[in-house]
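What follows is a group of structures, each given as structure tokens.
Look for chain A in each of the two complexes below; its partner is chain B in the first and chain C in the second.
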Partner chain A sequence: MKSPVRQFELLRPRTLREALTMLHNESGLVPLAGGTDLLVLMNAGTLPRGTHRFLDLWGLDELRSIRRTLIGRRPQLVFGALTTFTDCISSRTVLRDLPILAQAAREVGGPQIQNRGTLGGNIGNASPAADSLPVLRAADTELVLSSVAGERRIPLADYFTGYRTSVRRSDELITAIEVLVPPGKQSFRKVGTRAAQAISKVVLAAIGKRIALGSVAPTVVRATSVERYLAAGGSEFETARELLTDDIHPIDDIRSTAAYRLRVAQNLLGQLPTFQR
Partner chain B sequence: MKCVGKNVLRAEGEDKVTGRAKYIDDLSFPGMIYGHTVRSSVARGRILSVARDPAFDWGGFTLVDHRAIPPGGRNIVAMIVEDQPFLAVDEVRHREEPILLIAHADPERLAEAVAHIEVHYAPEPAVLDLEHATTVLKELTISKGDLEQGFAQADRVVEGSYFTGAQEQLYIEPNGVIAVPGVDGKSITVYGSMQCPYYVQRALRLLLGLDETQVRVVQTTTGGGFGGKEEYPSILAGHAALLACAAGRPVKMVYDRLEDLVATTKRHPARIRHRTGVQRDGTLVAMEIEVDLDGGAYVTLSPVVLSRASIHATGPYRAPHVRVRGRVLQTNTPPTGAFRGFGAPQSQFGIELHMDRIAEELGIDPVALRQKNLYASGDVTATGQRLDGSVSAHEVLERALQRHVKKKRPKKKDGLLRGTGVATFFHGSGFTGGGEVKLASRAGIELTPRNVRLLVGSTEIGQGTRTMHAQIVADTLAIPYEWVETADPDTARVPDSGPTVASRTCMVVGRILQRAALDLQQALGPYRTPDEFRRRSRKLLAKRPALQFIAQYDRPGDIRWDDATYQGDAYGAYAWGCNIADVEVDPITYQARCTRLTAVIDIGKAIHPLLACGQIEGGSLQAVGWALYEEVVMRDGRMANGQLTNYIIPTTLDTPEILVELVENPYPHGPFGAKGVGECPVDGPAAAILNAIRQATGVRLNAIPATPEKIMQAMDAR
Partner chain C sequence: MKITLTLNRKRRTVDVSPLERLLDTLRGALGLTGTKEGCGEGECGACTVLLDGKPVNSCLVPTAQCSGAAITTIEGLAPRGKLHKLQRAFLECGGAQCGICTPGMILAASALPDRPTREQIRTGLAGNLCRCTGYEKIYDAVGVALGTKK
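Presenting the complex of A and B:
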């Protein structure tokens, strides 16, 4: 452990109310859910400067649930922010209404990480490589942000403001994720560095003609140009493939190259049922 | 009762699976403090100053730089050439080079303190890769016949260049030691995770100016080495010893994974060039080979790595006219070092890809081309060694072809591209050339009232040394395996059996132990049963307590070697092997996956078949990682992906089905016919996999790792 653990402080609220009060009253508190991102940084000694006070959310059972309602004829899944990937994998509701979320969850780390990693944490950490985000983004997802002042709802589409940044205020917690599942065939493919325990190089999730991609831009993105083309009745893959270059902005990093990410994203697009006639 | 050839219980297995075994980080000594290394942040430059923040509370810290080396000691890591310091003096030649050591009773305070130390440099231009390297650290040439004459006989000349990347050994347990200063102030004991206690002892003696009675080195339970704990522990032990002497307290230094990855040795990156004269029917007549290795900033063990790489560069193929020129080039990167295979995997990767290229250019089947040129008994190698007996190149290929039954393609179209590739290889057991004679290793046996105890400096690092040695001695003495125990490798107790490297621990050291056992037998006189053995031992012990039988390496009479001309018997014996790999390439993601790997290897005699197969499976998988996944990404001379999320080794899901078959073609001078096993499984898989990718996709890759990015590029270039 490269970080001086002795200097760390861990606040352990018993209720959501208490957690929100702590966040409100004290500055510099970092919400800690499953810890699967933060503990990596702690171990490597690469936490942002001044990060040494944590708000341990793990005990807040009220944030641990998956509920299903119907809005019109469309199912809406409401996830408590502490829903783990294991919860997603073993939920019959998820498997029925949003099976690609279970599929994405199965490809996150290994079972130990899946037991600790949470949907709220995956969003809060705001990595463009987060495996669940393209799925949530392909659906109609709203986040419930809570503070002592109350709740506000933000569409996931408006939540991220850039690479690892978001509209969440420091006194707010992500408490729920509301996912309205659109009709249409669902597909998901993660291309990682190996068959398991991999960070993604490209992730693509699609529900009908709604297409979201991860690891190819500073945040998770929708393939808006491609979607517009499809909505207007377009069906030529060659055109869609070209349009995708406007929608994503991959980079070279230690895991892969921009050229590879673009090409594979295009290839994955070509695998969608729309183009497989 | 015979146990050789049987899968007896592993000698140290119970301690390991029950958690009783203590690794270095499990140990503690009264008053122990923790050490840490301050390393260079430039690839090359002069050190202008090392400044400590005066505002920081330095109470309780021990700080040590090169000036702390005692008079009589030398700031040189004892290896082949005296060029590498334990601690930089006024210049640094690579990133992460040790400059300053710091210790404190509270390990958490070390990180704080390091942030308050500033080193100023005048950076100098650095050479960061093989492509730009020009300084030659070592050069050698192996010649046979007349190359010009050879090319004159050729119908065709085929050329090719091949590249292999660095690779991390990735033992589970990182490097770590504890140095305990003696009460007299003139001695030191170092405990640690290591392969070669006597290497560490020699390094400490030179560093501290002490004699062998003043330096004691004890190997603790070691979680893997793969060569990565051959030479590096000498440096770490030196650092801990300097701190311990300065503080007058035991000092523990255990690297975390990041430090271990960025600062310690890797497999040498290599560039192999071939120019081969070949006749229409596939007969090789001339081989001109250049082997260039990236040695990093200091010489370390590179000359011997080069030696093995060059001798194996022809692969197991006969040719009348050969010239191999080998070079180690210097770069301003952390020194590369020993890694399972020691240069042979790199150079045989080159020849095995090249053989497929030749086959293609001639329109001959790659297997047929190999069959035409593989060594047989009576053939003469590039160093002029006549191969007699225990030559199985043809047999391993035949058996691999039989074993690797063609699989039916799946009926359902899955779009994957499939191919199969072959590689044949050989691997010399033991030290190269005159190395074993120079080492003059010793090992022995002591009698105790209840059993016999092995005194051997060879270390158990997960590969089964203790079990296998005990089996050899038990059968030689005709006593139960359970009666043989092994003393912990401790320079105060066991003789110097040479390093635990080079596939020598069974064939060479096992043989020495066997001879010690025969000496013991002679002393006891004839006995018919184990009980009689015990009665006689007790009688002998009553007369001569603490009785030890130490034997020394005895050169098999027919071996000769000339270091000046690089001619002679390069190795006493060779293991022979063949890999066949099935590969699937996904044209959507360009990912290649090895789905099945057959490994047929002649190891002379499997003392413990299960352990031998385990070694072959593990080594094969390590080679799969090297071939497809493991990429050391260097930025400005430093490993940029020094964590296991980004340095990608294969998981179980990436592991092919591995079919292992052992061939036992005995070597008369090995114990029960045994030859080396540890390294050879790494020699072939990478080439077999790339040859399979060629068949699957039609693209020829000449470099590993064959990452999806590289495969995409190659497929685009078609």
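Presenting the complex of A and C:
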């Protein structure tokens, strides 16, 4: 069922500055990038009430880039918010320094979605099932939020305030994602109904002994109890498996059950190199 | 709003409402009904077209975002009056039954590299659902057209 599209309005800034000015001056503008989340809702007629004005970001090429710098000896990758999943898959920088981001990107939808879906959109949409978020959360990630007043940096750990809510003000845009990559072996596993075109039931990303999970709580979470146990020298999977129940809070929904999600999350934990001996 | 784009190598200007879907513009104002609507939520790939050479779901693309872009639909894939090698191979291999997924399958396949592996074919078509064939004959057809070994 299609929504009557004529009720919608689209503002089309030519520069980031113009976009930020529009966000500042007008109320109720919803940022629109590749449309892979918002147009699904529009087509189904399930956009949140009062959503009918959009700010088109797709033409802002200044938000399309992947840059690498070194901070100390650690690589930092800076992604423009319009970096697509396809950009992540084909970036040699990503493949070298953060290969699990390319892996996560390959498991988002199919090629058609990967060509349009963006990292900024994946964060902005704030779904707990977003495939890129556990990877970004396992690293040290900061988001650059821009407004006419300037920029502020928010650690990804502090960005989400609950299910699909965040600290982003309505006059702000996510313009860049700064990812400092910690040392350590990287792992990523997504479990869904099938390999492609499936929304995840459980996602787990790990870098060294830093472990993040998606689809098992209102937002992406770190397995802090498990991490503390590992940091203190613990290495027994049975203990870590029990501790994980403190870190995640899965629910029953249309895609899975709480019990299944807990069991699978524990199984994925057990497959991490830390527990393979 | 007026949007100018290149459709199947020809410049076209269309008047669209702000969030009109590319799928509706193609099938409506531009009169090209080869692009099919399946699910309307980016799951099935039936509405796949090439946007600047890359497959996208036209049900999730606002036409307004295609200003200045090049769109290829199934009607524009083959030279006038001829079949594209992918279309010929789909015919020869029985790569279509009911046919609704076929335009999207063929356009997604057209973005694959030359001589793709079976795995690359499967991954390249992972965003396209077929409810009839069980996929094997589709993969065979793409392999025949693009020159892979079985």
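Structure notes:
Everything that follows uses one rule, which is that the second predicted complex is superposed on the first by the 276 of 277 C-alpha atoms of A that agree within 3 Å, B and C clash if a C-alpha of one lies under 4 Å from a C-alpha of the other, contacts with A are read in each partner's own complex, and residues count from 1 in each chain.
Following the convention adopted for this analysis, a residue touches a chain if its C-beta (ideal position, glycine included) is under 8 Å from a C-beta of that chain, and two chains touch if they have at least 3 such contacts.
Quantities reported herein were computed from a predicted structural model and do not represent experimental measurements.
By the document's definition of touching, both partners, chain B and chain C, reach A:V40. In the superposition on chain A, A:A196 contacts both chain B and chain C. With both structures placed on the common chain, the touch criterion links A:Q112 to chain C but leaves chain B unconnected.
Of the two partner chains, chain C is the only one touched by A:T86; chain B is not. When both complexes are overlaid on chain A, the residue A:N267 reaches chain B alone and has no touch with chain C.
Contact with chain C, but none with chain B, is seen for A:W58 once the two complexes are overlaid on the shared chain. When the two complexes are overlaid on their common chain A, residue A:S170 makes contact with neither chain B nor chain C. Of the two partner chains placed around the shared chain by superposition, neither chain B nor chain C is touched by A:T161.
When the two complexes are superposed on chain A, the residues of chain A that touch both chain B and chain C are 2, 5-6, 40, 43-44, 195-197.
Interface residues of chain C, counted against chain A in their complex, comprise 1, 17-21, 24, 40-43, 45, 48, 51, 54-57, 59-62, 64-65, 67, 108, 111, 123-129. If you check the complex, the residues on chain A that touch chain B are 2-6, 40, 43-45, 191, 193-199, 201, 254-257, 259-260, 263-264, 267-268, 270-271. Those residues of chain A whose C-beta lies close enough to touch chain C in the complex are 2, 5-6, 8-10, 12, 32, 34-36, 39-40, 42-44, 54, 56, 58-59, 86, 106, 109-113, 115-116, 195-197.
Residues of chain B that touch chain A in their complex: 108-109, 111-112, 256, 258, 587-591, 593, 629, 633, 640-641, 643, 645-646, 648, 650-654, 708-709, 712.
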